[in-house]
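Paired with subunit B in one complex and with subunit C in the other, subunit A is shared by the two complexes that follow.
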Partner chain A sequence: MIALFLRDLKLSVRAGGGALIGVLFFMTVVAVIPFGVGPDLNLLSRIGPAILWIGALLACLLGLDRLFQAEREDGSLDVMLMQETPLVLSVLVKCLAHWTASGLPLVIASPLLGLFMNMNEVAIGATMLTLLVGTPAITFIGAVGAAVAVALPRGGLLVSILVLPLAIPVLIFGVSAAYAAVEDPAPFLPPFLILIAITLFFAVIGPLAAAAALRSSSD
Partner chain B sequence: MMNDQSLAIRKFSDLANPTRFLGLAERLLPWFSGLTALLFVVGLYLCFTTQGDYQQGETVRIMYIHVPAAWLSMMCYTVMALSALGTLVWRHPLADVSARAAAPIGACFTLLALVTGSLWGKPMWGTWWVWDARLTSVFVLFLMYLGLIALNRAMDDPGKAAKVSAILILVGFVNIPIIKFSVEWWNTLHQPASVMRLDGPKIDPEFLWPLLVMALAFSMLFFTLHIAAMRNEIWRRRVTSMRRQAARNLGMEGRKA
Partner chain C sequence: MPVKLHVEDLAARRGEDLIFQHISLVLQAGEGLVVTGANGSGKSTFLRVLSGLLPVDAGRVRLEGAGSDNLAESSHYLGHRNAMKRELTVSENLVFWQDFMGDSPGGRGLPVEVAIDALGLSGIGHLPFGYLSAGQQRRMAMARLLVAFRPVWLLDEPTAALDASADRMFAGLVRGHLEQGGIVVAATHQPLGIDGVRELRMTGFAGVFAEAGY
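Coming up: the complex of A and B.
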């Protein structure tokens, strides 16, 4: 399992893996926003957490369609299917590796972008924390979409369309927790805990459904 | 005589034979469509003869289309989820036909609910669209329908498409309560519920009767369309396999010659 984790991590970090492209995309999306809404710093600091979250959500979707496709093409997916370790575990490990390679860099890059958005320290910290907790959920949901579309030659766009509606709760609670940390009356803990609950919930549902989809599309 | 007996339907699992299902559909469809038409005649008559609301005037009649369509949009997804269970658990051969046939119908009802809601919102709230919790979750449901249809269209092998979309339907079904709950949370956080209070005036029997009849009519319409769409899907698959067979035969003859 650790070997699989390291293998996936190495593959996605090295050239052609495309994990770092996600961070680049994230920065580009965030950098484009001020051109759309204007350079008003007050406005930017107000919508900053939301912008960071939407950027991260889109960037998370970028590499998802390749989660199982490369394995399918070179045949290692069949090896995984025939392994003694349950497929659910392999899928879970693959998701974690994918998140470490593409989700974690987004979390690390978010404070810098928060500065661009004129957010204060508390808002930056809260956004970073919610991203850290929330982005795994997007990966787990995305794994279902990736597994469902694995047999399609051009599944990339379809995966995004299928996954985005399902990821709405993550976005809602991530953004509301980030705002609750800044605005006084709203409590921070309830939305944050619900966000954690959603992540844990999809950590179970996602790999199960993805494994079922992979098994049915392989025969 | 023997043929009749072998095609008799005793259990639900007997419907697994598409020919039996087609026979049943043939017998049911005229009755269903007749009943639908009758219910619509009665329902529409009631809709237009009952009084308008003293506040909303004539626009309240939009409700008789809007509310049943919204109900049906949810019921249709439930039917799809049950069919998905049928595909994955019992491997019922007609379950995937049912799920596939229900998706476009559900999308149409959802669109109808959205459009009529929008038309109703313009005179009542002064705007076409509000990011109200209920509207938003119906809109998300619509997006999910479209995604499922797109997935089904993208795959050429119906067997594979069936299993894979059944998984997605079930994941979506689990997710719908979460989406609904979170959207309500989101909306109450940003703006207090002020715009849409359907339960404000207790619904009057004057409105209730046409509404119930229309809901029944819409349900019958759904079942009629669903059975017809399933029949079409079976026929379509038969035609495809016959075409393949014909092509194969042609190829064999060509090789011999």
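Coming up: the complex of A and C.
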């Protein structure tokens, strides 16, 4: 299993892996917002956490469609389906590797982009923490979409459309927890704990559903 | 305990179409089976059903004497695609499959360098897989059969894109596997050049088959 994790990490940083594409997209989205909104610093710092979250959500969805498609195209998926190792476990490890390669860089880049949005230290810290906890859920949800669309030649957009509705709760609780840390009356812990619960829930449901979809898609 | 593969009254469909039916055979340890037939006669479907990648429509497939009676877990499947990553080097690919697949009970896989040497491609293990020619890629895909031990090999057109010497080398690999008490089922257009291998001739949609000495 460690072999699979390391292989997927290696693949995502080698040519054509696309680990950095997500970060670049994230930076592009967030960097153009101040130009569009205008130089209103108060407004920017107020919408900052939400913009960071939306940018991270979209960036997370970018590379997801290749998660299983690349394996299917070169025949590796057939070999994985045949192994004694439960497919659910292989899918979980692939999700973790995908998140480490493309989700974790977003979390690391978020403080820098928070400065673009004139956010204070508390808001930056809270957004980073909620992204750290929340982005794995997006990967697990996305794995289901990627598995369903694995046989479709242009599944990329379809994956995003399938996945977005399910990822909305992650966005809502992520943003509300980030805001709660800044604005006094709202409590930080309840939305943050729900966010953790969502991630744990999809860490179980996602690989199960994705494995079932992969099994039924083999032809 | 020697392995024994039972195929009982097997039938498979693709969508609504019946591809084959009433295939029954028993392969003992050390026996090979060559599946022949025209394009589209169901050779690949037969192999994919054996490897569990397509559902069985009727009948069943059973393996005795291996760690589990699930044939898929005790087999290597070498399909049309090589199951290797173009971005990784040849050694990285093989080391990954060795770690990921592990060995079935009753045997051990060869070390990666030894497997590369056995395929006659010494000295290019450090190259990315995508740099190799089609024939070299096919040979490296065969090295996967050696690095992790599986008693049953299911090979779909294994020698496509190979030159004559590679054909002979591959026949040697198959012979070696049979001598160790393995089972080989290969779909092919060219004769494999191995004596004492049985033949299953697929005749297409009629679903009738004939088994004959090779």
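Keep this in mind: the second predicted complex is superposed on the first by the 218 of 219 C-alpha atoms of A that agree within 3 Å, B and C clash if a C-alpha of one lies under 4 Å from a C-alpha of the other, contacts with A are read in each partner's own complex, and residues count from 1 in each chain.
The rule we apply is simple: a residue touches a chain if its C-beta (ideal position, glycine included) is under 8 Å from a C-beta of that chain, and two chains touch if they have at least 3 such contacts.
A quick note: this is a predicted structure, and the numbers were derived from the prediction, not measured.
Engineer: Will subunit C clash with subunit B on subunit A after the two structures are superposed, or do they fit?
Structural biologist: fit
Engineer: Could you look at A:76 and tell me whether it touches subunit B, subunit C, both or neither (first, second, both, neither)?
Structural biologist: Only subunit C; A:76 stays clear of subunit B.
Engineer: In the overlay, answer first, second, both or neither for which of subunit B and subunit C A:3 touches.
Structural biologist: A:3: touches subunit C, not subunit B.
Engineer: Using the touch definition from the top, say if A:217 reaches subunit B (first), subunit C (second), both or neither.
Structural biologist: In the superposition, A:217 contacts subunit B only.
Engineer: I'd like to know which partner A:165 touches here: subunit B for first, subunit C for second, both or neither.
Structural biologist: The answer is first: A:165 touches subunit B but not subunit C.
Engineer: Is A:209 touching anything from subunit B or subunit C once the two structures are fitted on A? First, second, both or neither.
Structural biologist: first
Engineer: Tell me the contact category for A:173 with respect to subunit B and subunit C: first, second, both or neither.
Structural biologist: first
Engineer: Is A:149 touching the first partner subunit B, the second partner subunit C, both, or neither of them?
Structural biologist: In the superposition, A:149 contacts subunit B only.
Engineer: Once both structures are overlaid on their shared chain, how near does any Cα of subunit B get to a Cα of subunit C? Whole angstrom is fine.
Structural biologist: 7
Engineer: Show which residues of subunit C lie in contact with subunit A when the two form their complex.
Structural biologist: Where subunit C meets subunit A, its residues are 14, 51-54, 68, 72-73, 75, 77, 79-88, 92, 95-97, 99-102, 144.
Engineer: Which of the residues in subunit A come into contact with subunit C in the complex?
Structural biologist: Going through subunit A, the ones touching subunit C are 1-4, 7, 10-11, 14-17, 73-76, 78-85, 218-219.
Engineer: Can you list the subunit A residues touching subunit B in their complex?
Structural biologist: Where subunit A meets subunit B, its residues are 144-145, 148-149, 151-152, 155, 158, 161-162, 164-166, 168-169, 172-173, 176, 186, 191, 194, 198, 201, 205, 209, 212-213, 216-217.
Engineer: Would you mind writing out the residues of subunit B in touch with subunit A in their complex?
Structural biologist: That would be residues 88, 140, 143-144, 146-148, 150-151, 154-155, 160, 163-165, 167-168, 170-172, 174-175, 178-179, 181-183, 185-186, 189 of subunit B.
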